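Letters A, B and C mark the chains as written, and numbering starts fresh at 1 in each.
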Amino acid sequence: MSNQVNARKLIALACIWAVLLLVPYWMPPLGGYTALGTRVLVLGLAAMSVNFLLGFTGVLSFGHAAYFGLGAYGAGLSLKFLAPSTSISLLMGMLLGGLAGALLGTLIVRRRGVYFAMVTIAFGQVFYYIAFQWSSLTGGDDGLRGFSRQPLDFGLFSIDILSNTNNFYYFVLFCFALVVAVMGFILRSPFGRTMLAIRENERRARFLGIPVERHIWIAFTLSCFFMGFAGALYALLNNFADPKGLHFSQSGDFVMMAVMGGMRSFWGPLLGAAVFVILQDYLSSITVNWMSFVGLLFVIVVLFFPRGLLGVVRRKLVS
Amino acid sequence: MSLLRVDNVSKHFGNLIAVDDISMTVEPGELRAVIGPNGAGKTTFFNMISGFLTPSSGHIVFDGEDITSLLPARRVWRGIARTFQITEVFPELTVRENMRIAVESASGFRLRLWQSREDDGEVRARVIDLLKMSGLTEKADRLVGELAHGDQRATEIMMALALKPRLLLLDEPTAGMGDQETYDITQLIRKLHRDQKLTIVLIEHDMRVVFHLADRIMVLAEGKMLAEGTPQEIAANEAVQAAYLGKAAA
Amino acid sequence: MLQLLLFNVTNGLIIGAFYVLMALGLSLILNLSNVINFAHGGFLVVGGYIAYTITPYVGFWGALLIAPPLTAAIGLLVERVLIRPLYGRDPLYSLLLTFGLAFIFEDGTRFIWGAQGKPVTVPAFLAQPLSNEFFFITGYRLFMVATVAVAVTLLFVLLRYTRLGIRIRAGTLDLETVSALGVNVGLLRSLNFAAGIYLAGLSGVLAAGQLGLEPTMGAGLLMPSFIAIIVGGIGSLTGTLLGGLLIGVASGITAVFLPAASEAIMYVLMAVVLLIRPRGLLGEEGMMT
């Protein structure tokens, strides 16, 4: 039986990667464009990072956009002021998001449930506020401009990822694969299992000798590093970073993607991000009141599809 | 030297005195039962030993070390494991995964973000051992939340055992079970005590279980210690009979 | 200088009182039902617009009386239809739901009343400054503080001495036991939710007279209320009261010395409080004493 399950998993995995690898070939004919695929990957990575905490540790952070936005600013500022290098900018973005998360994590790990959510929102807004106010550095409300992603320089040759959208897509896919592999690896490690343990039953976990607060802090920090990385990619995608990326409503979007896709599954948030991005893209092109449709989507998903799309699919498969 | 020594421990909740000046020593290899009517303070007493609560006054010494205000996880690392009155497991994980988490926690792999093959093999072997010991091998890949109450309880006990404890605390291990399940769990505890020479302290309501298992019994009533002794002594103790029968008569 | 300081402290107290009103409503709902009501700002705005709409017919005083209960009625409907199915589920869901509702409210008010800010006329005698020396204290501001004081006092009296209030307080501590005692928990939650939204509606009417109305104003007032609750200590209404006043005054004083940081000070205050007292000022120990 377990062999069958494993085989099924492998096939699903192969399908996912095949679909992702071939995006530049099937997306345009269907009326999309490759950049939309890139956007899905980046936001999907962010949603998966949120879900790393939400779905697998059972801890709800509603302020994760802050670390995403910090990643974006980190990358943008690095490109603008530090070095014209794409890889350094990614590193700086990830570090900025992750270190900020590590620091704030110490203040919030004792809270649980809605209270955790509330404190994470409030602290997330701190960074939104800083990005908004410190205009001399961040460009304030107008956002940070004046940087662009640089060619990937391998010494012998370099790859243009600025004007060639396909190249950039594959670059993002490569980065995505890297982070997702790390995530998957951690979730399969003994530490990853302690995360599940905390999600399932905190009291039991504690009395198995797992120092729960420390583990939540580590999971939180890791997820902030992933988030920072996704944010850095986002800055590269837009050649732009703005305070909206740190706002709690952005956090809400990420949580929504995770829930809509299915937060108990590893790939669910990516699916959620795809649906969300495509829907947003479509709605904003036909109505100015698209925000209320997004709001309606939240209400509908919460009331009728709490297990998310993958959750529904899985149920169908089982029955 | 005794393994566990509780010195004059009390616990107050506001004006309520839940546990009032109780002392106890447990020798290595002993199986001690704590009994008493509802509200006698048994679980509160237990919670102070396991670190769930901190005593208002008094000391708890484990293996020569004062652990009175040590965090729960650190007590586990020193060798104190417990189960709960209401079974606490990881319901949406399989029996195997439940045990695996316990085994890994005990072997200090908690913080590992990686795992080598040899370590993994060792953990696997230990999990298989535990499954065999509990008779749950056939149900290893089912979600614990779907199992019968007795099996969930057995899983919980085996998880505590996976920690290789030097002291095992069992809070009403047979609570809410039928006769057959009670018998099975009793046999399991007996096996652990006899074969592994495990030191156990348990709270229990079922007197058949208590008199069948315990080396010594401590009786609590209204937060105070009423009596302590061997099962025979307790059975013959008039104060105990009065407390139990008096309750029953009233 | 002294006058400037006084001006800003007074201003801070007034704003703080306003945060208190909003935060108390949020806190009520959070404590009993474990719902972070993201749409609270939305309800505030709706309350304000209802007042705006009915003022021409019933006057300002009539609007002050009628708009909050109307808002509460909408709140009751929302609770019954949308939030009730989510009790007992992961609190994440009610959070997301009210988050979505906030969008709908914002767009909805924009759709009905337009994106332009709307003024609400307050009675002429309230718009006058108190005196030349205290030009910054208009009658309306005093009136606002007085209204908040009355509303807060009423709320605390209600919670302390009425059966409903005692049940709400008990439910905050241990809902299961209250349910086991035969109290209709569903009804309790609905009434409590309505009470919270009533406060939001009242805040809306007051805000309309002071700040004017815009569809987006609710979202901006939400975060200070969150901070008031966190600073005061989650679970404690007295704490929320204290927290609201504290951040109001703190931002008032900061406005004198470092205007750019007058909003940031709230966050600094929150971080400091959490560092020193992780539970907040009055968190969790004495619930409502």
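Throughout what follows, a contact is a pair of C-beta atoms (placed from the backbone, for glycine too) under 8 Å apart; a residue touches a chain by one contact, two chains touch by 3 or more.
Computed from a prediction, not measured in an experiment: that's the story for all the values here.
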Pieces of the assembly after leaving out subunit A, positions unchanged: B | C
| item | value |
| --- | --- |
| Centroid-based (C-alpha) most distant chain relative to subunit A | B |
| Subunit A and subunit C, separation of their C-alpha mean positions in angstrom | 33 |
| Rounded Å distance between subunit A and subunit B, as computed from the means of their C-alpha atoms | 43 |
| Intercentroid distance (Cα basis), subunit C paired with subunit B, Å | 48 |
| Touching residues (chain side subunit A, partner subunit C) in the complex | 54, 60, 62, 107-108, 110, 113-115, 117-119, 121-123, 125-126, 129-130, 133, 249, 252, 255-256, 259, 289, 291-292, 294-299, 301-303, 306 |
| Residues of subunit A that touch subunit B when the two form their complex | 1-2, 185-186, 188-194, 196-197, 200-201, 203-212, 215, 218 |
| Touching residues on subunit B, where the partner in the complex is subunit A | 50, 71-73, 76-77, 81-82, 84, 88-93, 97, 100-102, 104-106, 109-115, 141, 156, 159, 163 |
| Subunit C residues touching subunit A - in the complex, by the definition given at the top | 30, 34-36, 38, 82, 85-86, 89-97, 99-104, 106-108, 110-111, 223, 226-227, 229-230, 234, 260, 263-264, 267, 270-271, 274-275, 278 |
